[in-house]
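Each chain gets a letter, A, B and C, in the order it is written, and its residues are counted from 1.
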Amino acid sequence: MSETKALETMIGEEYKYGFTTDVEYEDFPKGINEDVVRLISEKKDEPEWMTEFRLKAYRRWVEMEEPSWFNATYTKPKFDKLQYYSAPKNKPKLNSLDEVDPNIRETYEKLGIPLEEQKMLAGVAVDAVFDSVSIFTTFKEKLAEAGVIFCSISEAIQEHPELVKKYMGSVVPANDNFYAALNSAVFSDGSFCYVPKDTICPMELSTYFRINNMNSGQFERTLIIAEENSHVSYLEGCTAPMYDENQLHAAVVELVAMDNAEIKYSTIQNWYSGDEDGKGGIFNFVTKRGACRGDNSKISWTQLETGSAVTLKYPSVILQGDNSVGEFYSVAVTNKRQQADTGTKMIHLGKNTKSTIISKGISAGKSDNSYRGEVKISKKADNARNYSQCDSMLIGQTCGAHTFPYIESANPTGKIEHEATTSRVGEDQIFYLQQRGLSEDDAISLIVNGFCKEVLKELPMEFAVEANKLLGIKLEGSVG
Amino acid sequence: MLEIKDLHVEVEGEGIEILKGVNLTINKGEIHAIMGPNGSGKSTLAKVVAGHPEYEVTKGDIIYNGESILELDPDERSHAGLFLAFQYPVEVPGVTNNTLLRESYNTIAASRGREELDPLEFDDYIREKLDLVEMNPDFLERSVNTGFSGGEKKRNEIFQMAVLEPALALLDETDSGLDIDALRIVADGINKLHHEDNSVVLITHYQRLLNYIVPDHVHVMIGGKVVKSGGKELALELEEKGYDWLESLATVNGEAK
Amino acid sequence: MAQSTRIEPSILHKLAKHLPENGSDRWAAIRQKSMQQLNSTQFPHKKIEEWRFTDLRPIRRTEFSHINDAGTYKASDIEKYFIPESDRSRLVFINGRYNETYSSIGGLGKGVTVGNLSAFSDDEYVKKYLNNLVNYEDDVFTHYNGLMFEDGVYIHLEEGAKAEAPIQVLNLYTGSEKPFIANPRMLVVAEEDADVTIIEDHIGLADNTYMTIPVCEVKVKQRAHIHHVRIQRDSENAFHVSRPIAYVEKNSEYHSYTITLGAKLSRNEPRVVQEDEEVDFTLDGLVLIDGEQVADTHSVMDHRFSHAESHQLHKVVVNGKAHSIFNGKIFVQRDAQKIDSFQENRNLLLSIDGLVNTKPQLEIFADDVLCSHGATVGQLDPEEVFYLQSRGMTEEKAKEVLTYAFALETIENVKVESVHKLLIDEVYRYTKANSKPKVTA
């Protein structure tokens, strides 16, 4: 069918970010044991408590079993062959952008993320993470004026140990799951953000992740804390070179929102997805969780997942505070041999808590796309509400769409509504749009864009452009 | 402008012939009405002219502005100025009328070497056209045909026609499902849009639309063929006598079902 | 690395030492195969995804004895469950054993064979189909039934045969001192163009503990129609684990309605497997539970060919400390195009101690399909309650009326009049008793 082809071309466009950067790396042993964990901590000059945190996590991880409950099959990573720390050589503490390795700077330019502040999108501060380490954070001073701390997690451990100590592991405990435990033991870097009381963060914050080194895993850690009456919007983007070998990305993201605070977290994930035959690509095994600790707090996850060979990812919200709100908006596109098992968890603990889930899955090629979600209303969560909508679209005869929503209610005043549909790009729709002058490709783009609209409109403007480009779709209503 | 010659059409892959040798000529500036009972092939004819992939032309030709368009894709035909108002307008969830029309307008404009309109210019342009079918501007921000009533869908088709300014419009049962007020609005719109440089083909079941829009020619289709053509008085004759008196014409060749 | 826990089905194994010996050679083969399967199958536990929410420890902890022969009952205990439509088309089983006295099978007309399985163990269809249709992977209960069954129901309709009356299958379980296990079995074969209605009823006559494991195999051939009503009114201390599976051929229809009222713990796993194009099937359920009841439904609608229409409406009312579990799987296999499948699960949670787990599940491998599911969990709409109150009803009455209306929708399509009526009575009885949330101390 020609429409199938057209859409496949559209979403299967050549991966543009597959180049590698020639960088000299520090030597680091492969494999993992307590010494390696200690060595990572030592390299980063960490305080004792951090080393202990890592070792404890490592000891738990050793006892854990790699999970297999999801809807994906892959060759498990060889943990003894991986390199757990990968940092470009000559990385002293950077005081100015001039000190960044020119090759790395060029990489970010190529990716469309110039690090010079004057060249950047106004209103977005970037933390650039290259393999395991944070390379540079822009607009730090400007943020500091507002009292916002935005830096790499390594720096935060040194400069703000009390905050890190208090919050790290408080949302995702070190033993939460296999990959979170591994991350807790070996995480290399990541972003840290602290928004003090009564503060609206003056600009969008963003981290741009890049995996370059072939043999390294990437284990970054993000921690965002929004104090009372504060607000922050955070964006994350990811790319990686094309290698035949799979690379592991096992991140942990923790969000904490206090009374009346709001955190909006958006992701555009475009890791390399492997080739037609499923060779290579990133294993994207990420634990993302937010805690609405305070009353009236709000955490909103928006994600556009287009890359990775295998994705296992469930950005979740624990709704502890009364009247707190959790949101999850997701578009997951799979093609070729990609496997995505993604969704969310909304755990209602507080009274009058509300959650919304909108998930759009598009499967093409020989891919499998699964929505897996859990909505739980606990006994004490009076008047909790959830609304979920999970729609799937299939393109062609060789892909699969799966919906696994787990719903649990233990409170009679709670209300859960879940709907799911499966549909296709209709031939009659294509003909109608063609009759109105659109080419077949444009017709399909428009239909897919319409299908994803409820989610795409949740992305911050700066990302919406990239998102639409990614989907191969012209942006609707870009002006006005 | 449009010349249909001995057109034979089957449903793709099913081998059932639906059009069995249609001949029709439409000149610039004319209004034609094609009438006929259910299943006579009227709608099929409209869809085939617009290039619907479900149908296969097994014999004959469709000449538009002097050239065969059989090999053209539906969008290419659209660029050439052909417009089909659908009998059952299709829903496209999440895509607003405004977006669709701007995309359409600009694609057609580009193909004709005309200047594209930016969103603001387009907004001015489109609002004028709304008045033509007495539609509320809210309409622009609603998803194409999604959740529209039958009457709204039909008006939307005429609205799109107004925006895209086709050279030849095929209106497939645009009058069906309309109440009397909506019928008047739609008919007025069509009359305003018609001028000496474009042509309109009305496909209809009933004579009542022709009380508002006066055709130059009336054709009756039965059993996949045009069995009778005449002036506007033919429509009145049909109204009076029904289609039965023409059935015999169709069976003369022993082909009708 | 942690070790997976393997729980031995020791209790079941112990029982399996006393094997029944009746039936044909084929039956011996079934038992032998079931024994092998039983030996290589884990007893389910909560770490297995399919059993995540259902605690089987009450079954594991119970020491079951052999089939209860003794059972005391009066004729009137049994006769009161007879439906008038099936006066001459009724099979009665007591504790899993056929009872000729109360059965009456003369009135079904030409081409319809009905009887107890063991009397037909040499029948060609019994040989062909029995235990060959059942397909529950790694399931201790199915294998146990395969090992221990002694008898069951056999229904066969010849080509074009239309059963003149609905067939009532009464499974009665009598009081006993010791917990026992029954293994009812049913084989239904409807040949081309045949038509039959089956009313399968499980009733506990006392409040004792027993486990019943009904395994039911249904074959619906081309253009045949089967209307299958399953009522579960087991004793409040009973365990009910049922495995009904139907295979539907071209242009056939299978409509099943399961009403779950009884048992302390029930696990119902209805499945429909499409065997050719152009089929129409229904898998509706109504669950009304309170006290400490656990009712679990795991269904599968397996679309393997194009052009199927399927529906599932599963409604649940939970009160007291009861717990409802639902997992409805809809599969649409590759090349099964033009499938129109709709699943709806509505849960009414009345009490603070009740619990609802639901997981509607879509697994789609074809692109030209229209599949949807919806699930809701909540209480009665306060607006509706208020509306009825404003019309003069007490709050309690309003809730009763609304709960009643909620439940009734699922049994509307039961077409045997007296059964429809008895189900309305059951719904009424439940709603009357559960118009208030039950708070336990």
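The criterion applied here is as follows: contacts are C-beta pairs under 8 Å (C-beta built on N, C-alpha and C of every residue); 3 or more make two chains touch, one makes a residue touch a chain.
This structure is a prediction, so every number in the text was calculated from the model and none was measured.
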From chain A, the most remote chain by mean C-alpha position: B
Central chain of the complex, centres being mean CA coordinates: A
Geometric centre distance via CA averages, chain B-chain A, whole Å: 49
Chain A and chain C: spacing of chain centres that average the CA atoms, whole Å: 44
Separation of chain B from chain C, taking each centre as the mean of its C-alpha atoms, in whole Å: 55
Residue list for chain A, restricted to those that touch at least two other chains: none
Residues of chain A that touch chain C when the two form their complex: 63-65, 69, 377, 379, 392, 394-424
Residue ranges of chain A in contact with chain B within the complex: 426-429, 431-440, 442-443, 446-447, 449-454, 474, 476-480
In the complex, chain C residues that touch chain A: 1-2, 49, 332, 334-335, 347, 349-352, 354-379, 437
In the complex with chain A, residue positions of chain B that touch it: 50-54, 73-75, 77-79, 83-84, 86, 89-96, 98-101, 103-105, 107-108, 111, 118-120, 123, 143, 160, 164
